[in-house]
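Naming follows writing order (A, B, C, D, E and F), and every chain is counted from residue 1.
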Amino acid sequence: MTTDNRPMTSAPVATTPLRFKRLLLTGAAGGLGRELRQRLPHYCETLRLSDIADLGSAGPREEVMPARLEDAPAVLQLLEGVDAVVHLGGVSTEQPWEPILQANIVGIYNLYEAARKQGVKRVLFASSNHVTGFYRQDEVIDARDPMRPDGLYGLSKAFGESLSRFYWDRYGIQTVCLRIGSSFPEPRNRRMLATWMSYDDLERLVVAALTAPVVGHSIIFGISDNHTRFYDNTYGAHIGYRPQDSSEPFRAKVEAGEPVLDMNDPANVYQGGPFVRTGPFE
Amino acid sequence: MTTDNRPMTSAPVATTPLRFKRLLLTGAAGGLGRELRQRLPHYCETLRLSDIADLGSAGPREEVMPARLEDAPAVLQLLEGVDAVVHLGGVSTEQPWEPILQANIVGIYNLYEAARKQGVKRVLFASSNHVTGFYRQDEVIDARDPMRPDGLYGLSKAFGESLSRFYWDRYGIQTVCLRIGSSFPEPRNRRMLATWMSYDDLERLVVAALTAPVVGHSIIFGISDNHTRFYDNTYGAHIGYRPQDSSEPFRAKVEAGEPVLDMNDPANVYQGGPFVRTGPFE
Amino acid sequence: MTTDNRPMTSAPVATTPLRFKRLLLTGAAGGLGRELRQRLPHYCETLRLSDIADLGSAGPREEVMPARLEDAPAVLQLLEGVDAVVHLGGVSTEQPWEPILQANIVGIYNLYEAARKQGVKRVLFASSNHVTGFYRQDEVIDARDPMRPDGLYGLSKAFGESLSRFYWDRYGIQTVCLRIGSSFPEPRNRRMLATWMSYDDLERLVVAALTAPVVGHSIIFGISDNHTRFYDNTYGAHIGYRPQDSSEPFRAKVEAGEPVLDMNDPANVYQGGPFVRTGPFE
Amino acid sequence: MTTDNRPMTSAPVATTPLRFKRLLLTGAAGGLGRELRQRLPHYCETLRLSDIADLGSAGPREEVMPARLEDAPAVLQLLEGVDAVVHLGGVSTEQPWEPILQANIVGIYNLYEAARKQGVKRVLFASSNHVTGFYRQDEVIDARDPMRPDGLYGLSKAFGESLSRFYWDRYGIQTVCLRIGSSFPEPRNRRMLATWMSYDDLERLVVAALTAPVVGHSIIFGISDNHTRFYDNTYGAHIGYRPQDSSEPFRAKVEAGEPVLDMNDPANVYQGGPFVRTGPFE
Amino acid sequence: MTTDNRPMTSAPVATTPLRFKRLLLTGAAGGLGRELRQRLPHYCETLRLSDIADLGSAGPREEVMPARLEDAPAVLQLLEGVDAVVHLGGVSTEQPWEPILQANIVGIYNLYEAARKQGVKRVLFASSNHVTGFYRQDEVIDARDPMRPDGLYGLSKAFGESLSRFYWDRYGIQTVCLRIGSSFPEPRNRRMLATWMSYDDLERLVVAALTAPVVGHSIIFGISDNHTRFYDNTYGAHIGYRPQDSSEPFRAKVEAGEPVLDMNDPANVYQGGPFVRTGPFE
Amino acid sequence: MTTDNRPMTSAPVATTPLRFKRLLLTGAAGGLGRELRQRLPHYCETLRLSDIADLGSAGPREEVMPARLEDAPAVLQLLEGVDAVVHLGGVSTEQPWEPILQANIVGIYNLYEAARKQGVKRVLFASSNHVTGFYRQDEVIDARDPMRPDGLYGLSKAFGESLSRFYWDRYGIQTVCLRIGSSFPEPRNRRMLATWMSYDDLERLVVAALTAPVVGHSIIFGISDNHTRFYDNTYGAHIGYRPQDSSEPFRAKVEAGEPVLDMNDPANVYQGGPFVRTGPFE
């Protein structure tokens, strides 16, 4: 089944390169950011790095350019001369409303406005499994199922997905929303047997999403080739992501460390795991 | 086809009355607000009215309580002692980011946080056809099709729909998202032959959504029984809204006033009409 | 969307008359049975009546033929010389396993075996809304949604639907499963505003299902043209049932009698109503 | 659910008038053609009539312009100066391959090529229920179900639907495919209780399809508001066709004339009726 | 696409262990039972075995406990002290009504009633491909397609699936319905190239279904990684079953032994194979 | 989800052999034809070859039988004594209307008429990805999505698919429509990373489609196991095609040769590639 996927504009969508002159990586000081900082230089001439945390000094072919996402002029400058953006920046855990509002809501607006003004035509948006975290773990969902965020963080990512849809429909800026599962050196608990993505698969996913010729506004779940899955990536096949790793070799270790699950704890029942238990409290 | 529709919480969802002790109407000074101000007293003992514009003095069984939606303490107070909320408040046209951010994004967060803290268990959220405005007028959509907002306004309403979904899944606050079409005394142009909703049908819709026993998180398109339609309300049948009016008697007049449409104007092609042409500009 | 609907057999499916020589009505002493006993004579030459309760004496063009459904030879005899069956017989409330097993499970097997042996080619099977009673009242379902019975009674009706599917696929016996809502003189509570079917509409439904030329194995929800509905009859349009009554005129009275619903009571939340609370207990 | 519905071209799609300067009616000497000849003058300044059969002399504001559809230059001339086409021309019954090939396959190609060259931007294509005639009468289908033609005639109409889809996708020529059921003064048999469309409803359908602002490539089933239906027009709601007639008043008469149907005759089982029995024979 | 999958009850669903104190295997003397008897001890401390056929003497960590499934008190005792059940018991071939009624219909009711009373919270129900055996072999089905049993045996398994759905919805007892294809040492005919499951894959499936943290009420088709398939297991991905074997190495041998198929034999056309030819006969 | 897939006829569908007495290969002189000429002798006793281009002399167990597809008597003779047909014949590129009409439209009619008259019961129809070429490259489609041909060639293949559906529904002739992607020695450009099929996989596909016991009317996309895909073959799983090759080893070479794509060129945006730019021109 298909869905309408063309921008209103008939203005040029620009070209789709395989190797980028200048690639911007936001959130470059975070867990995934540090991984991609090492890996993305292979795919560009210059890697521009941004974060609010310390990024150290620029390596060869690196540019370091700290910016707060809620600072529109800074973000506008950040996207100048950029071919494409890998946007990991912003809050990546459940937090109170104010920081999420600033970094993830105001921030994503600033980012796309800057993209529009600077003529950047492709964004990889690090969305999250928490956009759909309120589905149960015995449900298998795909990219067209309605969003069910599991907290303020997931809600801010849902906002980013809607906003990027608008910038595609209206301005022809292509986005791949990467609904990243759990990207760590290894899966840490039984839920992550389903949601885990290795760093190598993360790289494969990012490269596929950067270089697929036509993505319009696409959504893909970022997981390895795990036996246990909640997600069906049928509608992302055009992106060309084929994971090579799996959580399966870690199963015995993970299960040994968590032999019994309390099914009365929502964290063990919903896809979002412990995030569903947080949410705004006094 | 069904979709999962139960909150995580097993805490009481409270009762569902037919007649409310205190009903809150936000945006009561706006076009639809003024209509509902006259009509809602039949369904409650006290009608609390709020807006940032002048509401005049309180009539019998009315309470006037101005509040800015971005003012969290004010909104918290606004929901005190309230049974249910008809939330028309906030920006209702395409506007720059800052007012939309404050009234519609921060505002809707404040509203639901207040509902959670005050124990209010039902909200009617005035969403909008602009949540899906980037579908074409030759497409017929239903409540499960992905959102495609047509501007910042539509995007803020998409956010409200996602947020209210979360407050249902997490806290058991029931919401009906009313994707209001074009509610005016009569349809003003050919697009409104599809999107028009009479004020009487607006009242029918609001009353049905207030009193339907079980709504969980529901979405319904707010239009009259128009011959021409873009929307399929199959999934809202449980709400019990049956429109009695139609745009058809106005067809001749409307067509006479707009005999030719320029199909190269996106406003004539997309469901969102002129909104699709706006969007953020410098 | 269509589904495969042809029997394996290429043997004659017989003809489809409009007026029946001998029509069998089982459960003729029950609430709906008594209604149909008065109405069905218009559509047949002889109306054979069966029940385990007293049926009084046979009227003109009536035959009275008591039989226990669990008594296979009696049921075989019951279907002799019959053109079509309106099967209301069996248990119609939530009851312990044994009576349901005998009357509704063994009984429906006996009925279709008798139909097969006697060459009866059309059955109207009084199924029930309790086949899908564990959907929530904020879900709208259609004939293709998976069954979710709400008790032993609903489970026995689910069995009857599966069994009649088999007798169609294998032997070409046509069945319309009538998932009857709440057929009473008037709706008695707020749930019945959605599930009510007037006796006149019941007659319309039965006549349509008896005389529609091609029904194969069809499922249709038996409700009046109520404003509030949980059911979508799109896939039953070929049967030609168009209800003429509605629960709406009774709304004020019903709501006055049940102004507040306790949402913590599952009977007020699920489509099956109070049935969901019963089920097998010690 | 939506489907992609935009042409590749960004060239002007022209305007959409309500009243046409010159409307072309092909097949104007046929049964439906004669009806529309009387009715269409209300919607245009000049009605150009074409057929291969005798059309009599031109009435006021009529132009008579006979043409064989397989004659490309004649068809090119036929579309000169035309605003829109109501294309009833060609073979309308099951016939051998050669006449169907010429009139309906070569003919429809010639028609759309002429439209492309003459800049005509809207065509109403009289497709047929025989495009889906091999569905059974106990199946309810919609515009997105795969085509299942029931003979060479239905196959030629399936071709016309695919061809017009291409001319929309490629050249922006808008088409409404009218899958006409059985348009006669009254329904003649029991199958037509489902497929019948009155002449008044035919006019309503044609006018709606001519004047709906945005149709892209749409498919709609042409039937009256019959109780018994095989077709679900959900996806044609944007066209604004609301039938006002029904086969129901004719039911008693029709059923009296055809009280028993032989279910071993495929004509009584499939939606296409007697057409399914024809097909190419030696 | 998701489906509602939560029980009505908010009572504890208990924990989900990886290794069971006492696992019950019914039907332990049958073909698959003997295989699992050897394999299941790895996953539990005690394996309780039941059947009506001779089970030999109990091995280490085995308990032998014969019981007739139609004997409710015996079944109640059988489930005492049990963590989970692998239910292979009952009739597993097409047979007359009486034995199927007793072992598979009364039997499955007794089993779930015993589970409810004994607090057993997980059941693996050996359902069957014969629940959907009346689909054709050129149709690909998934867990949400309507059931189409191909005989009394398949019908009894359809009943078990509906019943276990009810015990989940009502009492929170989790079930995985394993629609087992053809589990033999090797595929025996061409149909089994699609339906075959190796014993090693059977073990993988059972272990996955026992240990997946959240299954609610799930349905999964039990086949190996065959090239030819009728079944799509998309909706069972959360169970984590990844078959490692395939029928393909056996293709040449199987095809050599059955080079020509008579397509007029329904056994070669329907998914259920020879079962579709049986059914109740005099 | 399933779809109805049984012919109207109850006449014998004949047997399904694994090895054919006489297999007809049309278009045997073309690119794919020459490949299959070498490979198909393994699966038949006699391979009959046909084309309008020179086929050289017949090799062992070959018959050479040139025929124009538009020549009905020649085609009738061509199918005499044939078990099954692999139909690659006809125009295989975008061309003007007349040659496509003759070879692909008249030609396919002649072929199926000959099959009907000669009792041939299985055809492999070389359809094309151009039947759906007007979907975008960021859409993933399956065999049930509506056809969207991208030119006259694609339109003629759409006609062939509809026609073969009719010959199945009406006469029980089984067809597998192979929507061949890009079958060349290696992928030549970035679009072909998605659409490429190796010659070995072509052979696998043809053999699977020839020998699958039950195919009715099936549609399958002919591509290798490429990482990047536009097509979802879920509904073709019963055919048993499992590709063993992949475009991935060619990615570096292909990307090096086409590092930048102009996204304003429709050939780079639609699935049909350059075909979408052709179409009928003066």
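The working rule: a residue touches a chain if its C-beta (ideal position, glycine included) is under 8 Å from a C-beta of that chain, and two chains touch if they have at least 3 such contacts.
Remember, it's a predicted structure, so these values are computed and weren't measured experimentally.
Enquirer: Counting a repeat as over half of the contact pairs in common, which of E-F, A-B or D-F repeats C-D?
Expert: E-F
Enquirer: Using only the C-alpha atoms, find the rotation that maps chain E onto chain F and quote its angle between 0 and 180 degrees, to the nearest 5.
Expert: The two chains, chain E and chain F, differ by a rotation of 120 degrees.
Enquirer: List the centre-to-centre spacing of chain C and chain E in whole Å, with centres computed as mean CA coordinates.
Expert: Chain centroid spacing, chain C to chain E, equals 31 Å.
Enquirer: What's the distance between the Cα centroids of chain D and chain E, rounded to whole Å?
Expert: About 51 Å separates the centre of chain D from that of chain E.
Enquirer: What's the distance between the Cα centroids of chain A and chain D, rounded to whole Å?
Expert: 48
Enquirer: Determine the centre-to-centre distance between chain A and chain E, using the mean Cα coordinates as centres, and give it in whole Å.
Expert: Taking the average C-alpha coordinate of chain A and of chain E, the gap between them is 40 Å.
Enquirer: Which parts of chain E, given as residue numbers and ranges, touch two or more other chains?
Expert: 1-6, 135-136, 139, 144, 234
Enquirer: Show which residues of chain D lie in contact with chain C when the two form their complex.
Expert: That would be residues 135-142, 144-145, 190-191, 193-194, 226-232, 234, 248, 255, 259-264, 268-269 of chain D.
Enquirer: Within the complex, which stretch of chain B touches chain A?
Expert: Touching chain A: residues 3-4, 8, 97, 101, 105-106, 109, 113, 116-117, 134-136, 139, 144, 146-151, 154-155, 158-159, 162-163, 165-166, 169-171, 266, 270, 276, 279-280, 282 of chain B.
Enquirer: Can you name the residues of chain C that touch chain D in the complex?
Expert: Checking each residue of chain C against chain D gives 1-3, 5-6, 12-19, 208, 211-216, 218, 234-242.
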